[in-house]
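The following pair of complexes shares a single chain, chain A, combined with chain B in the former and chain C in the latter.
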Partner chain A sequence: MDKIKIRQICFLFAVMMPVTKMLVYPTTLTYYVKNDLLISAFCNLLIEGVIVGLIMLLAKKTDKSFFSLIEDRFGNLTARIVYAVCALFFFASALLPLAEQKLFVMQVFYENVPSIISFAPFFFVCFFACTKGFKSIGRAADLCLPVFAVSFTVILLLSLPHADFSALLPITAVSPLTIGKGSLFSVNWFTDCFFLLFFLGNFKYEKNASKKVILSFAAGAFFILIFLAVFYGVFADIAIRQQNAIAQLPKYTTAFTSLGRLDYLFLFALTLVMIFYLCVPIQLCVHCICKTFKNCRPTLPSLAVNAAMLGLVILLNRSFNELQTFLTSQAWFVFLIFAYLLPVLALLLPKKILPKYKNKKEKLYE
Partner chain B sequence: MNKLWMRIFICGACALLLLFFSNDFGLIDIQETAIVIAIAIDKGEEEGKFDVSAQIAVPAGTGTGTAGNVTVTGASTVGEAITELNHKTGWYPTLVHCKLVLLGEETTRENVFEILDYFLRSELVEDTCLVGVCEGLAKDAFKATSPVKDISSSAISKVLSSEAQKTGLISVTNLKDFAKNYYSVSGGGFLPFIAVKQEAESQGDDQAQKPVFNGKINSEISPVSSEGAKSGEKKSDVFDASRTMLFQNGKGVALLTPDETLAFNMADTPTDYAFGNIEVDEKDGKVVYDLKMKITKKSAQLSFENGKPVFTFRIRAQAKIIDANKSDSILMITQSALVPEQVLNAAEEKFKKELSSAFEKSAAAGCDLFGMKMQLYRFHHKKYNAYKNTILNRVETRYDIRFSALK
Partner chain C sequence: MKKLSEICKENVKIIKKILSSEDILVFSFTMKDGTECAAVYADGITDKMLLGEQVARPLSSESRPKNAEEAAKLLQSPENKRETEPENIVSEILSGNTALFIDGIGEALIIGMKKISMRAIMEPPTSVAVKGPREGFIEDVKTNVSLIRNRLRTEKLQVKTFKVGKQSATTVCVVFVDGIANPDTAKEICDKIESINIDSIPDSSYIGKFLAKNPYSLFKQVGTTEKPDILCAKILEGRIAVFTDGSPIALTLPYLLTEDFQGPQDYFVSPYRATLSRLFRFFAVCVSVLLPAFYVAAQLFKLQLLPFGFLLTISGSIQDIPLSPSLELFFLLLMLEILIEASIRMPRYVALALSVIGALVLGDTAVKAGIVSSTAIIIMALSGISAYTVPDLVGTVSILRLSFLVVAGSIGTYGIPLLCALLLYYLISSDAYGSPMLAPFSPIVKRDMRDALLKAPMTDLTTRPEVFRPKNKTRLKPSTERKEADNG
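Up next is the complex of A and B:
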């Protein structure tokens, strides 16, 4: 119990969630919705925010884990099957962000294109994180707060003078249908709310916890929106060619002409945050596997999952575009079902209100 | 067991850190790498072909860098020329440090994005690189010898620096901004027009600009600059970029004069401080005042009045006399902040005239220099379809330019 704290969940949403939306997501979104990218992103964030709110409502109603809730309602076997399917989902959902991160590191940080094996150290870090469970997620969130605060602020300040926000006009230049399509086809980047479902029962619901988590999510959403606005303000009609958006934004700072790319220091720092956040779905995948196999020790599942992930990353080394096209424009409904529909259905799982809450309510009415 | 795991982790971490910090053992062999610092592209003799010249930095231990020029003639694309450069010289060209792209005057008769798209496609070229048009052949600019012993591309880059932009004398553009305008609804754009002038004189031997070789790579490799190798006093070149070439849909359509360039910069580019001469009729005859102008406010806004498009330039500037071609009293020299009213009025009149000239020239050439179509699209979207093709000719322009003394 109490493996992760509310504070750490707040940090996870406020500072770790935005970083994975700063590489390929802005370009992809621009491809679909052009200057209306803020509206499309806002729709995604709003839906995700509602799901976060609903899960926190569930956390208020019960202190049981998602596994226990399914087990109580449908039995142990069903719970294990659901967790096995969720493990598969986490595995699949981690694939694209990992491939993005790999491309980012290899294209931005290396002078000449390195071999795929250079990215292997990530899996070592991830393996270690997976064996440590939820505690390591919380600690990483604590660590990432100052790193993100400083790096993101600096990069934003360097980019702001070059941004022309009128590029975002006219609002709704593309049809609502296209905006909807943009939101649907980028839903794979908005599965963060699903993590919260698996944190259930692993944190202590304290006073105002829901408010804190929702506000933190709103802060993270604000950072994403401001980043997208600056991104489109800087690049406007050529935004579509700016892969690795975060690395492209600050390079127009005049001082860098003579000083060199000092912003790389902050990009490295943000990459650290990205690495920690990329571990989260893989950690949850391992968690689900452990639960499926009756709470087995995480070492072997961690090893297997990370080895499989490394193998897939090597296998799909030259197929990033195909992978992205498949996950965004064909498999989007899978993300909808798991990240949005499943948490909503989870609300129906608790059988009764906990006695302590019941007593409180009775007192209130007396 | 815990100790064993710890040891395994430490060994694994060391092995993997080696991978992480080794840059994949992909060190660049400087002996085989051509660090291209600038590229000049001219129209080839054959239709549809290009001559691509690369200025390659030669690292020197003493800190005085030198550079050599290599030209590939008759290439169909810039990409082909770069590949040929590698193929025929054995040098692997790296374009990461390419900070300048020069286009020959002839290339601007066609859509220059047939050439420039290479730099947008390639992840290896930074779109922060400066772009300019050269009077005559662009490759000749690389052969110029700077009076301060700079590498020619480096000297041109200094002329096109952001500091130069701030003074308003030169309209500087980088690849990103030029491409951004080209791909926007406006389709307009501008590039500095660079002329090499043999004006300056330098002394001493020319070690700094001693090219390695130059010429067609598939035919001759010969030393350049017969003058450059001589020691003693010699003529050097300076780069004049005070004119601006206007583009519409990638084609060069007009050329702004230095005064029009200054007025354009004061109205529509990030120019903070501008310097300019004003001629004023006084009792003793015509007096030329050299003014330093601080632009405090500028805007160029499209609006609709009674259904008609109106484009209003608003410039607020504070001026200070730097010099005048007359002897003044010691009081006037000391109180340089006191700018006579007639000088301020003359400045307003002059910039109104030059700005209106720049506007008319661009409109006549069909160039959306001031981003009017972009404003129409963004701020008056409902009227966009009705006016997008005719706005440049139908718009009424208003000039609200006011100068005050710089305190």
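Up next is the complex of A and C:
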């Protein structure tokens, strides 16, 4: 209990969640829905927001972890099986963001074509993070707040002068069915709410906690929508060709000035946030494995998961498009089941409801 | 071991048998009625003048006392106690005190007559303040504790004394304010010091190593200061101080990384100036660690990082340089480290010669010879100088600088944020004595932010840092006038 604070969960949603939606997601969305990308993204965010709200409702009702809830209802073996399956899901769901970041790193951080080895040390960092548990997730979120606030603001301010928001008009240029298809095929980017389910029992529910988390999620959603609007405003019809959107956005302002690509410094800072956030699903995967194997020490699972992930990234080094196509247009229902259906079903798990949550002032620093 | 008897000479024999060294002297004299007395002391660390005036003179004019208590009353020394165990008597003699034996009394009187030649209290060279007090600690633990006692005249100031070191029996004092410092932390520190089993403690850094939660850490684990005013402020924030006899450096625990960015005079200048100074120090450390790495990464992997004009200048300067950028800078940083090491240890009279060699031969001539570029020299110099804005972190900064350089030269640009992430993960998971090292930034402790990198006015620092979990949280109660002013 009390390994992560409500404040840190809020920061996770408000400042860490948006960064993973700033690389390939805008381009993919533009491919499906063109200038209606805001509506499609809004739909995804709304559904995810509802799920976040539901999980917070569950947190209000019980102070137990997701594992304990399943264990109480169906026994230890079932709980361990569910966690093993969830570990697999986290592993799979981390794959695309990792491949995305690899692509981003290769294209933005290097002028020549670097070897895959340049990206490999990420897994060493991730291994280290995995051995540190939930505490490190929360504390990393605390650090990300100022980094994201400054970097995102600067990048947005550099891009705004070139944005023509009339490119977003007319609204609903494509059919609602296409918008729905766009939302469905980009659902893999909106599984962050699922993390919250595993934080259950690891934070103390305070007064107004639900409100705070939902509002911070709304703030994160706002940043994503603003980013998408500026992105489409700057690139309009050629948006579809602007992979690594965040790196492309400010280039018109800085490339020809005497300062050079000043925005890269802020991109580096955002990359730091990205690294922290990319570690989260892998950390949760390791957490699930540890639970599956009766709370074993995380060192070995961390090593195994990161080694496997590195192997897969090397294997799929040149197959990013195939991987993306498979996960977005064929395996989208898996994301739906885990990220949305499972939290809804989890609502039915608690046997008894807590009489009243305690609003005790926190004394420990996590 | 043989017990003390009532015969003075036998007692002296017992002690001399244990302390056979030639510098353990015996001063024998008789009382008015012919009773024999003997004072055993260690030459050089006992004040012989005091021995004559406070012990020999009053006793020689008196008759034999009935017991040790009466004997103690005859002495003119304010610091004396009785001891019966030979081992304890030996330990007192070795500490500079005198053991007095009187015929007919089966105990020794231990008289405090320690005389240690020590330097005067002066401004410490490692912590110079333009404004503010200029006192500094010295090597004598008693003087150091007295400097604190002089500033904190409260009955709650607690001093716990330990003898550490099997051979050295060094005095180690733990100082804290009861009611402010967290009692669990104080107990843990005392227990750790008590459990130290080592031959000798030559300096406080030895104690620091034992108190460190993670001895393999790249970062400091224990705070240090040489100034009584700073130590008092830290004690009043809820920290615990540790003094070691023979060391002018006091240790403070728990340690936060931010405290190294706080300068000695920050509390004596305007808060704006203090804030600016702290931000500059932080920026300078970042520059020192990251600048060489960015320079190498930009040249090798991402030229766009550099503004076009600057790129042209650099490309001009690196023409015909045989070394790759990373090797060039690595070589220069290595030279810098060697120069620093040499300048610390070399005699002062050759310092000038070394400056000439360092600046002209290694710098100017190396550029002219086309071995290194002038830009690399500038980067190295800037990085080297910047590190000294936070003197306590210089060691860590130089290791980090080299690590970042190696990573940037091998992995490339992406290596820099990766190593930053690894470093931050390491720091956020380092807790010592219940206090996270990166607090108040991670985890965020809002109230403590007022005196971290930013410095709020003194009147706004009403509470002690929460991160130390002090028992008494209030540091300052706002005056009624101020409250009224705030209420408009």
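Keep in mind that, in the parts below, the second predicted complex is superposed on the first by the 350 of 366 C-alpha atoms of A that agree within 3 Å, B and C clash if a C-alpha of one lies under 4 Å from a C-alpha of the other, contacts with A are read in each partner's own complex, and residues count from 1 in each chain.
Keep this in mind: a residue touches a chain if its C-beta (ideal position, glycine included) is under 8 Å from a C-beta of that chain, and two chains touch if they have at least 3 such contacts.
Keep in mind it's a predicted model, so treat the numbers as computed, not measured.
The partner of chain A that touches more of its residues, comparing chain B with chain C, is C. When the two complexes are overlaid on their common chain A, residue A:128 makes contact with chain B and with chain C alike. Of the two partner chains placed by the overlay, only chain B lies in contact with A:252; chain C stays clear of it.
In the superposition on chain A, contact is made by A:237 with chain B only, not with chain C. When both complexes are overlaid on chain A, the residue A:208 reaches neither chain B nor chain C.
When the two structures are aligned on the shared chain, A:118 is found in touch with chain B and with chain C. When the shared chain is aligned, chain B comes close enough to touch A:173, but chain C does not.
In the superposition on chain A, A:321 contacts neither chain B nor chain C. When the shared chain is aligned, chain C comes close enough to touch A:268, but chain B does not.
Legend: residue contacts after superposition of the two complexes on their common chain; A:295 is shown touching neither chain B nor chain C.
With the contact threshold set out at the top, residues 110-112, 114, 117-118, 121, 124, 128, 257 of chain A are in contact with chain B in one structure and with chain C in the other.
Only residues 5, 7-8, 105, 109-112, 114, 117-119, 121-122, 124-125, 128-129, 132, 135-136, 138-140, 142-143, 145, 257-261, 264, 268-269, 271-272, 275-276, 363, 365-366 of chain A touch chain C when the two sit together in their complex.
Residues 9, 12-13, 16-17, 19-20, 22-24, 26, 28, 96, 120, 123, 126, 128, 161-162, 174, 176, 179-180, 183-184, 377-379, 381 of chain B touch chain A in their complex.
If you check the complex, the residues on chain A that touch chain B are 107, 110-115, 117-118, 120-121, 124, 128, 166-167, 169-170, 173, 235-238, 241, 243, 251-252, 254, 257. Taken in their complex, chain C has these residues touching chain A: 301-311, 407, 411-418, 420-422, 424-426, 428-429, 434-436, 438-439, 441-445, 467, 469.
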